[in-house]
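Dumping the structure here so I can ask a few things about it.
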């Protein structure tokens, strides 16, 4: 084992982002190895408390990815998620968590390349997040 | 009697802290006037004017304690569970407890440490209690929530204390109550004194005679209890602050798939969950049921069963009640009913 | 006081009980009181020690008709309870009172000692010869009060006005907190919650925490926070509550007031309320028809959605 | 007892992940009775190994680390079921798509696979057996759209004995195909092959045809949709109208001719086109004199059947359906605003391909003689411009219309057939002729019909001395080209038809970025929409030519028949459920549910609680988050399961640093 891995919990909706991550795999797109994906049916299933729980358990970062607006398999789940998670992101500084450690994004089933970019970019940002700011 | 000069108090605390964790009432940083017993660090200011929000019981019955840890492992199809019981080793001293706090310890001692061996003797409790020195500050003043004078000895209660400090000009008169107290009083920080003990506080009183039976008599008058408890929010503050309340819950909690522990935590009969049965039934569904239980347990069943009232008149449940309820009003209402 | 007492008596003709305040002899300040009869209502008071938000009792009285004396901030809680369908508008009669701001009772006790009867007039709060400036002892929420009067009221007592003052920073905590790094803040909360004893007074005093008996803060399942009272677990348990207050908290400060160990809960709730207001232009309790932005929104006709 | 099986997937996984090492790690996890590395878990021998272990080791839970659950979760669930376990006692670990294929460092990948395995083992412990629910399904299908896709789907479904309601918003079915003159590559007459099918729809005993109708709202769920259908007011009683056309002949008010793509004109009351089905007049109020302040009642007076009813009102019918087929087709790209250099519609002799179809058609405004709109002259030089609003990022149309190359070739051929001394030019980007006999046909257009194909985009079209100058680049020759044309035909691309997005929202299905409705899987579920019970037929899912549309519609019909033939549906048990003893009765779940799946119920003691209608719930879990006391929980994705995953996947291990939290 070399350098400590930056561990990021990824909550991915089954219909878009999880499929997008699969697509990235099918296209053999290399990605940093720190992301641990937890599959959820919809980003609307992601309770902000799950994100906090992940931080509490020692995650370096958390990423939530769902469908693009208008694409939610359930119609409005991603809109619920966006509201809840936007609030969470804004609350993180008060909780003493650098908001750079939390991201929510949207990746569709066909955006394998985008998923790979998201993983790389966010791993980098989490790695650089300074808690002494 | 021995005398401790005011300026020797830090020296006493320092001396004590060499062999034990010293707990003293202190104002919590960032708060307006919240006083708690907390570990004293060199140089910290001890607050003796205001009463602490919680009693001293957490030194013998902590809000949470781990009874043991377990670790599960599996190799070659064989399962193994290692148990590690953490017996408390700690030596502690509490400075400036009040007579009501100390008496609370004595009340709990009778329950947790049945020395006759006929009843229960709690290892965790015993370990903590035997390592604890109780330095009590006698009350010469009181506030309107205090009602220890309702009990036989009032502010002069000595049960549970090792040594009692009485406020006097320039310092404190010290009276040893136990052997450990005597050892303390023998320290060179104290000197002999022939001063008289000051007059102690006389608090408000509430009549307790016959209350136990009275509570039995009106037990089933639910409308009465509903009226009496109607302002109660059903939080657990009064129980947790009380020097005599000692209910706890024991549960196992996994910390991961392989590790975890058994915990003992405070519990309070004011909570719905306290009597929730797994069938779904709850014999105390309303705050009124719970309020009735709290009062009756303190002043009726417990004294009838064990000869001791589960109240020391400290007044914390009155001072800190978020709903502004006064236990004494309830007692008066019971008597008046 | 005469006006208030007669208003309560009037309302009592139509309801089962009126929630108000009476003086607690022991505490020397107001304590919540339940008036069932006109005789009981004689003891009703309203002064600057009436800090309690009585709306907390309404959900448990949902099957009764109740009257309630409400300050501007309390009325917001009532409105939010109605908006969420937890209580019914027609079952509650609101006696709105003109509120000049209520005092921080803990601070008063610090100044005067517990149980001393406090008098409050002419910008001074006094007892037994000691006085303090009113502004110094006002509750934080009052110093930033934005209520012109109770948002919902059926009867009004007194000239409903405003208590304008700049928000306060008791114990300088906000200033200190603002300057902290992320790591320091985590440590700050760890320290704060190391005192938590899980008495759930915060929850029980909150008028909007309607789950009460079935609250998940106290449940072993599904495991948001452990039952063991330690800093990290208690912190998580509180985050559960705070998260469930998103878009619902009316900022009445009751949780912080109820906390026996002085955890500055409002630091988080104020922040959350400010973010919700900034993002969605929504203040909980602004009306009985208001829709919490986390529960109801129309994707096609919502300015927040359109901007994104 | 948990069984752990890790798949090597040949070398797809084992090349990067040390499957033996992961299996050994799993063997030490709590409750794991067997941990094996298998070459191909999905193969027959692989599945047999798992089944044997389930029976032999009395496993009650299984973790399989292999490819994506999206690939084989269903396969392994069936395997569990065959071995006597509840299929939902399975947890899959995705170590191929999300591990071995994206990492090259074997130790990193192995460590990640071990973390994921640990999380799956912890999670599966919380799994509970779930039972699939069966619900009765309404044995009637709704087909939305009466073009060739809808017609084919409706006829196929009806042929299986399942009643169909077809809703068409225009006055006649037939759609775009009815407007085409001939079809490539066979050049058979479009309406000749379509008309009999249209008539069959009208006459079929199992088909109810509702024209001038639109879907207003959709409620319910697969098997039990409740659909409101809005029947627009046409002022004509469909029962009485005989299609005699007297009204159309005598109507004094001119109106645009929609069927002829705006060429020529029609009347305010008219029959859409001579072969319309149903053959019924309809009145367009916006063009009618009577509805514009005039006293005219001519049509009512003259109608021999007394079918004219000016006071006819809109009506909304509510019908129940078990399944819905969306067959809303396409619209041609509206090019005018986006191609200013082509004249923005100012030059009458720049026409669209659809207008050209009408000029070619014997039933068109010119009776099948090609005449240019400006002066009615017969053109000699006809220039076709391909890819207008197709394969053009600059106008937001990146997609290929998939038919433009072929229909342009066809129109070039037909031009020479109509006017033997004419010359057709085609500006094209690439020649796409991928269908059966398409390439041969396109080649014939050049060789036998002398069409000149110029590879390049047209930069500008402008009038000069009564002609249109078409300037473009010949990218093969590297030259600027300038052609003087009598008529220019723009091969416009295909958009999803107007209103498709709105319908998609009503149906709760997604549209892609080009506005076409999205199928559930691009390869394996091409006719299923993501919403259960909703199917897609034809160009609403993406541009298609006629053979592809017919095949697609037939496939959609087959799915509908398969779904409704048994009369009941099996639904996923991964839905929300309420623990009533924890419910606070706040109904926040009800407020957020997109499907109306939560109802209010009362316990015997009078306490109100939420209850989930299992057959309506679709399993999104939004309610799970909205429920403060955690009483409502999504089966298969409970808080407990997700928390177990979080806790275990993050358990500090060698080489990890952790963020200290509160």
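Just so it is clear, A, B, C and D label the chains in written order, and each chain counts residues from 1 on its own.
In the analysis below, a contact is a pair of C-beta atoms (placed from the backbone, for glycine too) under 8 Å apart; a residue touches a chain by one contact, two chains touch by 3 or more.
As the structure is a prediction and not an experimental result, all values here were calculated from the model.
Peer 1: If we look at subunit A and subunit D, which chains touch each of them?
Peer 2: A chain counts here if it touches both subunit A and subunit D, which gives C.
Peer 1: Please indicate the chain closest to the centre of the assembly, with centres calculated from CA atoms only.
Peer 2: A
Peer 1: More C-beta contacts across C-D or across B-D?
Peer 2: Between the chain pairs C-D and B-D, C-D carries more contacts.
Peer 1: Just how far, in Å, is the C-alpha centre of subunit D from the one of subunit C?
Peer 2: So the centroids are 52 Å from each other.
Peer 1: Just the number, please: Cα centre separation of subunit B and subunit D in whole Å.
Peer 2: For subunit B versus subunit D, the centre distance works out to 70 Å.
Peer 1: Using mean C-alpha positions as chain centres, tell me how far subunit B is from subunit C in Å, no decimals.
Peer 2: 30
Peer 1: Between subunit A and subunit B, what's the gap in Å when you average each chain's C-alpha atoms?
Peer 2: Once rounded, the distance between the two centres reads 47 Å.
Peer 1: Counting only residues that touch at least 2 other chains, which ones in subunit A make the list?
Peer 2: Subunit A, residues with two or more chain partners: 47-48, 53, 56, 76, 80, 84, 95-97, 131.
Peer 1: Out of subunit D, which residues touch more than one other chain, so two or more?
Peer 2: Residues 581, 592, 626, 639, 643-644, 647, 660-662 of subunit D touch two or more partner chains.
Peer 1: Which chain pairs here would you call touching?
Peer 2: A-C, A-D, B-C, B-D, C-D
Peer 1: Within the complex, which stretch of subunit C touches subunit A?
Peer 2: 180-189, 224, 232, 236, 239-240, 243, 246, 267-268, 271-272, 275-276, 279-280, 293-294, 297, 299, 304-305, 308
Peer 1: Can you name the residues of subunit C that touch subunit B in the complex?
Peer 2: Residue list for subunit C touching subunit B: 24-34, 52, 56-57, 60, 104, 106-107, 109-110, 113-116, 170-171, 173, 176, 192, 195, 197-201, 203-205, 212-214, 218-220, 226-230, 254, 257-258, 260-262, 264.
Peer 1: Enumerate the contact residues on subunit B facing subunit C in the complex.
Peer 2: So the residues of subunit B in touch with subunit C come to 28, 30-34, 36, 50-51, 53-54, 63-64, 66, 143-145, 204, 227, 230-231, 233-237, 239-241, 249, 251, 253, 255, 261, 263, 265-266, 268, 271-273, 285, 287, 318-320, 322-326, 328.
Peer 1: So in the complex, which bits of subunit D are touching subunit A?
Peer 2: 68-71, 94, 96-99, 101-105, 107-109, 111-112, 115-116, 119, 505, 508, 510-511, 518, 530, 574, 592, 594-595, 618-622, 624-626, 634, 637, 639, 642-643, 645-647, 649-650, 652, 654-662
Peer 1: Given the complex with subunit B, which residues does subunit D contribute to the contact?
Peer 2: 27-30, 32-33, 118, 121-122, 125, 581, 644, 647-648, 651
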